[in-house]
Amino acid sequence: MSGPVTRRTLLAGGTATLVAAPWVARAQANTLRIGMQSILSGPIALLGTSSRNSLLIEQDRINAAGGFLGRQIEFVFRDSKGQPQEAARVARELVNTAGCELLVDAEASSASFAVQEVMRDLNVACIHTNSETSSLTADPKIRVPTAFRVARQGVHDAVAGSLYLADFANAKKINKWATCSPDYAYGRDTTAQYLQFFKKFKPDVEVVTEAWPKLGQPDFTEVITKLIQAKPQALFTLLYAGDLSAFVNQGNVYALFGQMTVATPNVDYPVLAAIKNLPAGIQSATRYLETFPDTPANKEWGQAYFKRWNERPTNWSWQNSVAMHFYEAAIKKANSLDGKAIAAALTGLKINSPFGADGTITMRDDHTTIGYAIGWGQTIPKDPFITDIKPADWGKIIELETEWKKQQNYS
Amino acid sequence: MDFNALGACFTTPACVVTQATSGLIVGMLLFLVAAGLTLIFGVLKIVNFAHGTFYMLGGYVAYSAYVATDSYALAVLAGAVAMALFGVLFERVLMSRVYGSNVLMQLLVCYAVVLIFDDIVKIVWGPEFRAMGMPAAFQVPPLFIAGGVVPPFYAVLIGIAALIAIVLSLGLSRTRLGKTVRAAAVNPQMVSALGVNTTVLFAIVFAIGGGLAGLAGALAGPVRSLSPGMGFSILIEGFIVTVIGGMGSIAGAMVAALIIGLVRGFGTIGFPGFTDGLIYIVMIGILVLRPQGLFGRPL
Amino acid sequence: MKRNPALRDALFAAIVLILLLAIPMLHRSPAFEDFIIRLSAMALFATSLNLLVGTTGMVSFGHGMFYGFAAYAFGLTMQLTELSLPVAALFAVALTTIAALVVGAICVRLSTDYFAFITLAVQMLFFSVIVSWQSLTGGDQGLRGGIPRRRIFGFDLGSQLHLYQFCAIVAVLGLLALRHVSMSPFGNTLRMIRDNAERASFVGIVLWRARLLAFTIAGGFAGIGGVLAALFVSGAYPELADWPNSGQAIFAVMLGGINSFLGPVLGAMILLALNDLVQRFTEYHGLVLGIVILAFALGLRRGVLDFIHLVWSKRAR
Amino acid sequence: MNVEINHLTKSFGGVRAIDDVSLAFPSGSLSAVIGPNGAGKTTFFNLISGAFMADSGEVLLDREDILQLSKTERMRRGIGRAFQVASCFPTMTVRANLMAAVTAHAGRWTSLSHRFPSAGMRERAEEVMEFVGLTDVADVEATILSHGDQKLLDIAIALALEPKVLLLDEPTAGMGPDERWRMIERVRGLWERRKLTLIFIEHDMDIVFKVASSIRVLCYGKVLAEGTPDQIRNNQAVIDAYLGAEENAS
């Protein structure tokens, strides 16, 4: 008879602990906890883990240098699985339960908007490191006083890419295009922006078909054959990570890349490595490349990352690294961890960075960064993977971005 | 909705051939998954919610085997065999304990297995996606039939799946084991009364079901990215196929899988962005008009 | 003499509510408050599902659609109109109830397994409509721009404390109402259908009508949960209406116990706490959660409260 | 109530389970339906109560044809039934079973307004409980009742609906000899006091001949004979059918 009784007691005890625990454990000691949330499982977990890897390197570096305001830092990592609802919950949990005093939101776009709404209610500094959707910071209605973005921005990339691709298309006389992008905010918005600028620079361009596969869709066959039907001269795609790899592998089966030129801004090192038969001559943006900008600082960072993790960094890696550089500088300047104080210090802050086009990156007063390196080139199947890189013109980018913001009634 | 494009597609042979092949390949791989699901339901009256996990593990095992041996045939074989064994293990260790209990209890056990193995895959193969890469033998240009594109690799996959469908249906109708399985699907008490060892029978059914799902995962390896949690979307589609075809009917699974494949193939032209919704509408319609599915016996 | 059980339930609810409202006066803990806010949404969601699963014996795989439907209905009403919060919430719940009536009219005539599948299919259809209808719903990324929190009677749901109080009151009252439904003659009717549908129809119960009513009520109460969830995340997301979310409710019901009224509440508590706790120690929370679920399913073979009842009644005898 | 059945026919997959059956049960009679296994007795009950829909024929209840009505409608017109395998609500107590039946009968089964049925309904339930002798086990869950008590509960549920016609499918099935007699005495007492039209299926010939005032014999879906116990006892066709059935069985 003792069997069930002990089991029950155990169970009751266990349940009590479970129920009590979430609010028992507040941050102990003097360690400064920094919350980080991202996609750490699923088909694009690669990007989430590469963000985390980069932050762990930063954690060691910052702690070795004495931490923030004399306190050692410690990251608290959470997997939101990329779901907005879970992301919102996790953001609140990181601050309210785990006692984090700073946040690094390494979510993809859809979840970042959810996190942004949570930030509205919490007086904690937050840097979005991976969401490229422009409206996150550009739209004053969505902007939050204590939340910033250290990432490429869709509209910047769109201007740079369109300029490059317009030159390329003019040279090759390509005007029938198709698009194939993931069916969510980033894919939809960014494709629209690319097309808008692309048509501005090359008015005779014609979009013959659009395909919108789901994020993480296992089979792209129907999408690929649809593209083949439309017979475009070139394809523009915003697929990335596992989806891009599957798309290329399945596209190869149909010899897709012999039938049309492909342009994509989203080729990261690990994707390049994972695609076994990378077609040469894809027009590609540099997500992160050790060779661009071709400076010792950049090369050193890239190789340090490789040494520690035995794989190469992604675009998300450098963005998270820069986020910590900004925090470091801003906290020193504000001498405080208060959200508003950090926000004040961050606004307009310019830091030296290996990833800057001219060695610096600036946090503009609309909470987004400018001056990071953007370039386009074409792929080759082996190291350094992208060659003939042409850097983008930041003057032109800002000019057109301002125009675009006016159109959207953002300013 | 774009009926013009759909109409234009139906009038050009090239488009019909291309979209039909893409529908076939999606459908045939789906059939392999759904056949196991429907077989297990037919005989054991159990809805195997963990079926997607077999598919995922099959893909990963094949990936490792391919990396180790560089042989696609061996990789596929390894994926299928490993999952057949895993099916038996799963049935003996876990499912056999919840026979006859609430369907939700079975769901719970399956869900736990899904959670556990998604993480085990993460631990063993890493959270990043993996890509097997196309075997050298298939790195050939696609065939053109009536102007439509038919990749040789997919032609081979369709062939293998069709072969398996034939073997399966012959096996069920001609062999002693197959007849027992079919009898068990109709009347389980009768079969055990006739002295058939149902324990062994159930294990065999799970081995076949698991093996088929593993095979599908392995076959798809060269073109689909492998990642933890990838079994989920396959499971849902497998369900849809099983329900439309009729729970327990292999022929139904085949027909339904082809319907889904073709709806996907042509839906992407006529209803871009809403092919999923289209499939659910088909499923709801069938359930309302004919709850037992196209080929199912009324419950 | 026996006391009036209805009064006893009301008394119990009042005590719980007073306790919940008193805690923040004594000690503010944002983590605890967040937990209760989330629990209130989830508890209503799971308990309403149990009206179908446990009380009536109808296994619905698509209950999340009403949770999500209400969240969107509420969020959109708040964003697009100037209606005050309680009016918008009531409107959203009413709309959800109507939606449940319509969906139920299609689904309830199907028997057990097929009922489960058709509810799943309808939910998936609803989910893909949300994702596709970008101009209204914002597609994959949900309603952008947050839900405006207009003040009502000095209540500001942007404040965590007020949100906590609001959720606690709504949840306790909602659960009390569900308890009333489950103990009413209609609740008894549902148990009759679960126990023996054939016999039930031979005592004059029109099965489909009873099932449809149960489905509609359950949908409405899930909607109340959905409104609370929308308030917590200040938005509405497709995931609220996706099948893993329906699955969560099913697991809450199963873990807590389908034959005890408070089982699903306990189950929701366990699930939320487990999720939060495990996530803190390992990124392999699926592994841990899976093992715990297996232990429940194969060890207890029933929900916690049902198990306790069983042991209790064995002892009493 | 007077029950009259004309040319009732029902086939299952080409087999005629009930083949052109015409029978009459006068108001207030106590009749037994007998016949070898597979004669179609339970099917006959299912057709009268509306569990199955007949292919053709008439079921007249005081001259009104109820053949097209649903089982719920028929029950409302006064046809009650108990089942061969006791059919009740297993997880509910005896009292709750009867309260449920009474509430349903009062048309209050969708009621959310009040938590407990009125005192009047409560009394009805207690009355039925007492009538069949289940008061001692009022608070016991139906699933743990003895077999006999479950059969009684099944009948009590039917009685709670105040039927004018009561169909009992083998009320003594699965009982020991002593229990059978006690059961059948209760059934007889019930009939006497309630003045019902009572029709029961029974296998035990001793019981049938002792209790029933008239007997109908079904065989392979057809009416083989009808009459008083004495007439049936001496009917050669009935004797052949029963002997034949036993030969087949062995």
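Read from first to last, the chains carry the letters A, B, C and D; within each, the first residue is number 1.
Quick note on the criterion: a residue touches a chain if its C-beta (ideal position, glycine included) is under 8 Å from a C-beta of that chain, and two chains touch if they have at least 3 such contacts.
Bear in mind that the values here come from a model prediction, so they are computed numbers and not experimental data.
Walk from chain A over to chain B along touching chains and report the minimum step count.
Minimal hop count between chain A and chain B: 1.
Determine, using the mean of C-alpha atoms as each chain's centre, which chain is farthest from chain B.
D
Could you tell me which chain's Cα centre is nearest to the average position of every protein Cα atom shown?
C
Calculate how many whole Å lie between the centre of chain C and the centre of chain D, each centre taken as the average of the chain's C-alpha atoms.
Inter-chain centre distance comes to 43 Å.
Just the number, please: Cα centre separation of chain A and chain D in whole Å.
Once rounded, the distance between the two centres reads 74 Å.
So how far apart, in whole Å, are chain B and chain C when each is placed at the average of its C-alpha atoms?
That pair's centroid distance is 33 Å.
I'd like the Å distance between the centres of chain B and chain D, where a centre is the mean of that chain's Cα atoms.
The answer is 50 Å.
Residues touching two or more other chains, restricted to chain D: which are they?
Within chain D, no residue touches at least two other chains.
I need the residues of chain C touching at least two other chains; which ones are they?
285-286
Hunt down the residues of chain A that sit against at least two other chains at once, touch-wise.
Counting only residues that touch two or more other chains, chain A contributes 40-41, 183.
Applying that definition of touch, give me each pair of chains that meets it.
Pairs satisfying the touch definition: A-B, A-C, B-C, C-D.
Using the touch definition from the top, list the residues of chain C that touch chain B in their complex.
53, 59, 106, 110-114, 116-118, 120-122, 124-125, 128-129, 132, 243, 247, 250-251, 253-254, 258, 284-287, 289-291, 293-294, 296-298, 301
How about chain A: which of its residues touch chain B in the complex?
For this pair, the touching residues of chain A are 40-46, 48-49, 183, 210-212, 214, 216-219, 221-226, 228-229, 241-243, 245-246, 249-250, 252-255, 258, 270, 274-277.
Mind pulling up the chain C residues that touch chain A in the complex?
29-35, 38, 131, 134, 138-142, 144-146, 158, 160, 229, 232-235, 237, 239-240, 266, 269-270, 273-274, 276-277, 279-280, 283, 285-286, 299, 304, 307-308, 311
Which stretch or stretches of chain C touch chain D in the complex?
5-6, 180-181, 183-186, 188-189, 191-192, 194-196, 198-206, 209-210, 213, 259
Provide the residue numbers of chain D that touch chain C in the complex, in ascending order.
Counting only chain D, the residues touching chain C are 49, 51, 71-72, 75-76, 81, 83, 87-92, 96, 99-101, 103-105, 107-117, 157-158, 160-161.
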